[in-house]
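Going by the order they are written in, the chains are A, B, C, D, E and F; count residues from 1 in each one.
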Amino acid sequence: MEELLRFVEEDVGYGDITTGSVLGEDRSACAQVVVKQKGVLAGVAEAKALLEHFALNVRTLKRDGEEVSPGEAVVEVEGSAVSMLMLERVVLNLLMRMSGIATATRRLADVAKRYGVVIAGTRKTTPGFRYFEKRAIAVGGGDPHRFRLDDAVLIKDNHLALVELGEAVRRAKKAGFTRKVEVEVGNAGQALEALKAGADIVMLDNFSVGEAERAISLIRRHYPDAVIELSGGITPDNIESYARLRPDIISTGYITTGAAWLDMSLRLG
Amino acid sequence: MEELLRFVEEDVGYGDITTGSVLGEDRSACAQVVVKQKGVLAGVAEAKALLEHFALNVRTLKRDGEEVSPGEAVVEVEGSAVSMLMLERVVLNLLMRMSGIATATRRLADVAKRYGVVIAGTRKTTPGFRYFEKRAIAVGGGDPHRFRLDDAVLIKDNHLALVELGEAVRRAKKAGFTRKVEVEVGNAGQALEALKAGADIVMLDNFSVGEAERAISLIRRHYPDAVIELSGGITPDNIESYARLRPDIISTGYITTGAAWLDMSLRLG
Amino acid sequence: MEELLRFVEEDVGYGDITTGSVLGEDRSACAQVVVKQKGVLAGVAEAKALLEHFALNVRTLKRDGEEVSPGEAVVEVEGSAVSMLMLERVVLNLLMRMSGIATATRRLADVAKRYGVVIAGTRKTTPGFRYFEKRAIAVGGGDPHRFRLDDAVLIKDNHLALVELGEAVRRAKKAGFTRKVEVEVGNAGQALEALKAGADIVMLDNFSVGEAERAISLIRRHYPDAVIELSGGITPDNIESYARLRPDIISTGYITTGAAWLDMSLRLG
Amino acid sequence: MEELLRFVEEDVGYGDITTGSVLGEDRSACAQVVVKQKGVLAGVAEAKALLEHFALNVRTLKRDGEEVSPGEAVVEVEGSAVSMLMLERVVLNLLMRMSGIATATRRLADVAKRYGVVIAGTRKTTPGFRYFEKRAIAVGGGDPHRFRLDDAVLIKDNHLALVELGEAVRRAKKAGFTRKVEVEVGNAGQALEALKAGADIVMLDNFSVGEAERAISLIRRHYPDAVIELSGGITPDNIESYARLRPDIISTGYITTGAAWLDMSLRLG
Amino acid sequence: MEELLRFVEEDVGYGDITTGSVLGEDRSACAQVVVKQKGVLAGVAEAKALLEHFALNVRTLKRDGEEVSPGEAVVEVEGSAVSMLMLERVVLNLLMRMSGIATATRRLADVAKRYGVVIAGTRKTTPGFRYFEKRAIAVGGGDPHRFRLDDAVLIKDNHLALVELGEAVRRAKKAGFTRKVEVEVGNAGQALEALKAGADIVMLDNFSVGEAERAISLIRRHYPDAVIELSGGITPDNIESYARLRPDIISTGYITTGAAWLDMSLRLG
Amino acid sequence: MEELLRFVEEDVGYGDITTGSVLGEDRSACAQVVVKQKGVLAGVAEAKALLEHFALNVRTLKRDGEEVSPGEAVVEVEGSAVSMLMLERVVLNLLMRMSGIATATRRLADVAKRYGVVIAGTRKTTPGFRYFEKRAIAVGGGDPHRFRLDDAVLIKDNHLALVELGEAVRRAKKAGFTRKVEVEVGNAGQALEALKAGADIVMLDNFSVGEAERAISLIRRHYPDAVIELSGGITPDNIESYARLRPDIISTGYITTGAAWLDMSLRLG
């Protein structure tokens, strides 16, 4: 809640001088948040909590994770027009950004699910807004992946430029017995080496479909229980060709960095 | 700087457990931020300040606002590998999001400029990150428009649902003599009424090209000095047809809500 | 509210050790905030919100902007004596400082209004408390002027020491199409130059009454619609002689830097 | 420092749009803070720290506590004109408010000192700015009195409306052995009762000069070592008649609530 | 409350992923905080406030300061199982740490009280958690001693290494007339010197029982009203031998740095 | 650093009134932090950073993790006596609390290591100070275990009171593919059930040595690679009897809730 209020402060400053001057006195009003594009809804819980904090009555007509179509109302608000207009933009920004991410996630997840594959996010999130973007990924049916650098080990190419792979994995396994160890690899040989050293997960980064296919088959032969993640440049255009290879996970920055916001507006009356 | 450090805290938490465990001791390293897509750079000043705060040596190879091409290095860093790897994601997220916005802004501005039109942003920004997104718009050559609800008056349809237009403008003009008064209108008649009541700017919202053309010509006839802003659904696809009408300003949420991030990575070595 | 609570923390620290030790058990009490000087009330809304946050029942007997006389009660509080005594000083400080400003503003505004002139504040406010001081100016009937350095352009003598006036105005007009441009001038010639370059407002700074009279007349002749602000050393003693010249605005630091607090106290019983 | 930076943020917001647009490029400049009224300087340490934080070179020409006259320069700054102009108002507000308090304190203290009396402040300070106002009192030669409700016991009339005086003092003495116990009294009898119960200090509140004279003489006869504080409505007009009675302390809200700011300005070049 | 919420944020981060995933839907549950060791309870008020902030119904079965035995329930909670499990650890940590301190304080205070001696804490508290530890000392029947470096003067050996004792006391007495002055001494001679110079309290630091006895007797002879504090290495093992000497105060870091937490757990059902 | 500064603010408030008044002018001094008990050092990095932030010169004589003996100096400071004395308590509190934890951890770890067992902490940490306590555990050679509720799944008895074990594990495995799933069990049967359902770790909670022995042997037979954690009431008294059973991990709240602080002091000169 404290964070949501900081968003309001960011938008409002010393006050909504338009509404403050234009409305002679405060009136009661009724309004709806209406969706203008087809998509998957996220941020309803946050929007509700924020509106209610300012003593507005809220009725949610759609829930996080629901598919919505243009013209559909998702939230109905009733109460002070001054509060409503003051909060309009923050509420819409929350809903639009989060729903945009949920929509992109769902689109990829729908394809991936047909092959038993899970879609996951990355740490490519807007600075200061990660919690909400990770929530939106979950709402869209994706796995949030790491929240921070402290909740799982992920050894990447830049680490391997400095330390030999096997040694890196052995050291990482001492980072904490409650942490999984994942290694980003550039070829199948590295993947086998990582798993041999005890890695829990291997991430095949920037593999072509063909390379990925061969690598997955090789890994599965030697380590049938290994968790395999594919990553790097995956978008709606190529998701199916990768999902078809049945890795465990496909992670992609696209759902946060490539997804457009889902357009909505607030309609009084 | 305080805000940049909060972004680091968001990403790092209790520490970068990968780098902390994998690197036996801290080594000195050298790295470059390399662009992977054509675009316009933004966020270099912020990235530099952040990296230097952690005692890394930074050499900027490109400046905010410069056009960059795949493979080009924009920043060179030298110093502790541990600090570098810990900051990698935050620095890239700042640069990628801000450059994505600057790129989209520049693309539209390049078209608009040919007709003497200025591109402006909106308040559709990621909650908590507005300052940086407004900066990116400016870097891309756009006008940031309002920062907050307290720096200019903008009477919108939701206000006009509650108060008569002329009355609203007259009241708004008392909000503060240092503030401009803008009115969002749905037709040319409203625009004339707003200007007659003393509005400084009229925003033609969601007008078709034809409607906009007729409205602008009508307004110019009666109020040759009026500032006219076009808004609503403007994207790279239709920018030229609107710019050709020579309004003063075209504002669009697209540059923040529709723009993909500009891909970059950190390369050690 | 968060800010008001910070004020309480500033005054209370680890606790009100007097009330905590002296009152054996918490008692219910009733108290009134009583005015001890004639003036204009401000801060009632803030005082009420704060008292209610600590579960006290509040009845406001006077409203922000009302004239009050010695002995009049403005707020009536009922509930825990411990909370009441703990909040006493913060509530009084808010009311006394804000009412002092509102009173000074009203006194000047009453004179100015007779000549159709608006009184405005400045950025000379107590660090950390500006929002409340600007609110008090508005309650007293004044124009708050700029909130911050980001909401309007004001080119001052120190800028003109570095950049030529006409050039400065032309550059400033590009700062944002939603911003007004004001120029502080030292003589009538500069004023005309500023308006010619497109300034929205000219501020005649530290003009004698005679100088101001001549300057206003000259400016009005060439730019009948120009907004003219007088500033510099204006107090209750000389306000009428300046107001009589009918500038649009008279701004003065006096209402925040010269105004005494309006004395009040909390009376139990 | 963190607090000083918050003051800058309050004044600057997203940026100094005037200086940012008007100065084509950043220039080096030299400026002085010049006093425009006779008074006592305070806030120099804070101003210096703030200016240096933004990489400006500072030379202090006068120190906290020094008497200054119109035209005298107190601080000399050299470096980026952009930073200088951005910080101008905050620096001046700090210096002007603090010096105004120091000046008023010194004026009263100069009189009081002739009779061996100490001038003390109260908790009537601007919310959020107390630390700086207490510092200014000290710089002016006054005793800051309580910082907060947690550092000394002060039993006031509102407490005595709820608990019998002797009992109140006995309870208060258990609040902490490191705390002094002071009692605000309305007549000499109460003062004797308080001291008998073990109070360390008695405050004679709102006594006429005659009443104070009789009370002090009575108290001194019975409790020669008692610390006696006079309070209530003391201003430059009546300070001498009270100081002449030789209480230990005279406390007054006047130095924070009645003192005008000491005018200063920043002069470039 | 704000501080309690920061503790929750510290423990929860982005969410309780266990409860969030394991509980299919939120259920209503009932739980009790049960004590597992004999001791004195503290932190109940804080625990209640925190649980109620998350809309849980709380019934307190024991109060702060009560003696509790293994198996006894101290708080009963009813409501959302998700909230309850999310808050479990923070609530227990507050109660266990605070009760551990209250228990240790009470044990010492029970002995000291028999000799009319008061037990006091020190500033040896966990960084960031002092308010709660000082509260626990008070709940256990101890005197909190100084909260901070600004609420009383305590001249220690390190000061006396730099300034002569008598001079130090004389200077300190000017720190503020509402502050007591205490001096830490290493022998009886210093104590007499301090009192002669006007100190309110002397602290005999690290005296053996014999030394303390002789010093107290000497001090009492010359300064019968002096407040005498014993400090340094006092634990449950030696408390009685020191208390028997009837100083006014015995202060000890043991109650915060040597006390084990009082074990408790949350039991559902 | 920001957090360390908050600790200073907590201790200092408006200023160190003792040092401020007693030292006539600031002097340069030299001091050492000296250990008074045998133990393992932690917090040196934090102490150094804090002291250097206030422009003191620091030479570290011992490093985090080193064994220290009474009389040994661990840090040498040189510079302003005022700063040194102001920071003394915070620096000592950090070092003493952290070293107390490191010492207790090392004592248990030394025993455990002989059997190849790792000692781990818990979430029983002082509210607001967890980061530093987890760091101290690591310095002492222990595994920090979970930082927060969001970095690993740990299904406890309270969860199992609401959901069937197998089902709970299956749901938990969907919490995120980068997270491990641990289950706290009350008997060997539950352990086998948890592992069968896919748990990564089982925690045998509050098992007697005999029960633990049988359970471990049973589990190892069926799941030779299972990670087994023992927990509940483990202290220096019984550690060896449990360690001998060769679980993978022994976790214990004792190292944070039962460990006394390691005594140290600052010696000037």
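As a convention for this text, a contact is a pair of C-beta atoms (placed from the backbone, for glycine too) under 8 Å apart; a residue touches a chain by one contact, two chains touch by 3 or more.
Since the model is a prediction, treat every value here as computed from it, not as a measurement.
A.B. asks: In this assembly, which chains make contact with subunit B and also with subunit C?
C.D. replies: A, D
A.B. asks: Along the graph of touching chains, what's the shortest path length in steps from subunit D to subunit F?
C.D. replies: Counted as steps through touching chains, the separation is 1.
A.B. asks: Going by the touch criterion stated earlier, list every chain that contacts subunit B and also contacts subunit F.
C.D. replies: Common neighbours, subunit B/subunit F: A, D.
A.B. asks: Could you label the subunit E-subunit F interface same or different, taking same to mean over half of its residue numbers are used by both chains?
C.D. replies: Interface between subunit E and subunit F is built from largely the same residues.
A.B. asks: As a quick test, compute the distance in whole Å between the mean CA positions of subunit B and subunit E.
C.D. replies: 52
A.B. asks: Using mean C-alpha positions as chain centres, tell me how far subunit A is from subunit F in Å, no decimals.
C.D. replies: A distance of 33 Å separates the two centres.
A.B. asks: Could you please state the distance in Å, as a whole number, between where the Cα atoms of subunit C are centred and where those of subunit E are centred?
C.D. replies: So the centroids are 45 Å from each other.
A.B. asks: Residues of subunit A touching 2+ other chains?
C.D. replies: 13-14, 147, 150-152, 154, 176, 179
A.B. asks: Among the chains present, which pairs are found to touch?
C.D. replies: A-B, A-C, A-E, A-F, B-C, B-D, B-F, C-D, C-E, D-E, D-F, E-F
A.B. asks: Under the stated contact criterion, what part of subunit C meets subunit A in this complex?
C.D. replies: It is residues 2, 131, 134, 147 of subunit C that touch subunit A.
A.B. asks: For subunit E, which residues count as touching subunit D in their complex?
C.D. replies: Residue positions touching the partner: 118, 120, 143-147, 150-152, 176-180, 182, 201, 227, 229, 248-249.
A.B. asks: Using the touch rule from the top, collect the residues of subunit B that touch subunit A in their complex.
C.D. replies: Residues 3, 6-7, 10-24, 27, 29, 31, 81, 85-86, 88-90, 92-94, 96-97, 100, 123-130, 132, 147-151, 153-156, 158-159, 161-163, 168, 171-172, 174-176, 179, 253, 257-258, 260-261, 263, 266-269 of subunit B touch subunit A in their complex.
A.B. asks: How about subunit A: which of its residues touch subunit C in the complex?
C.D. replies: 5, 13-14
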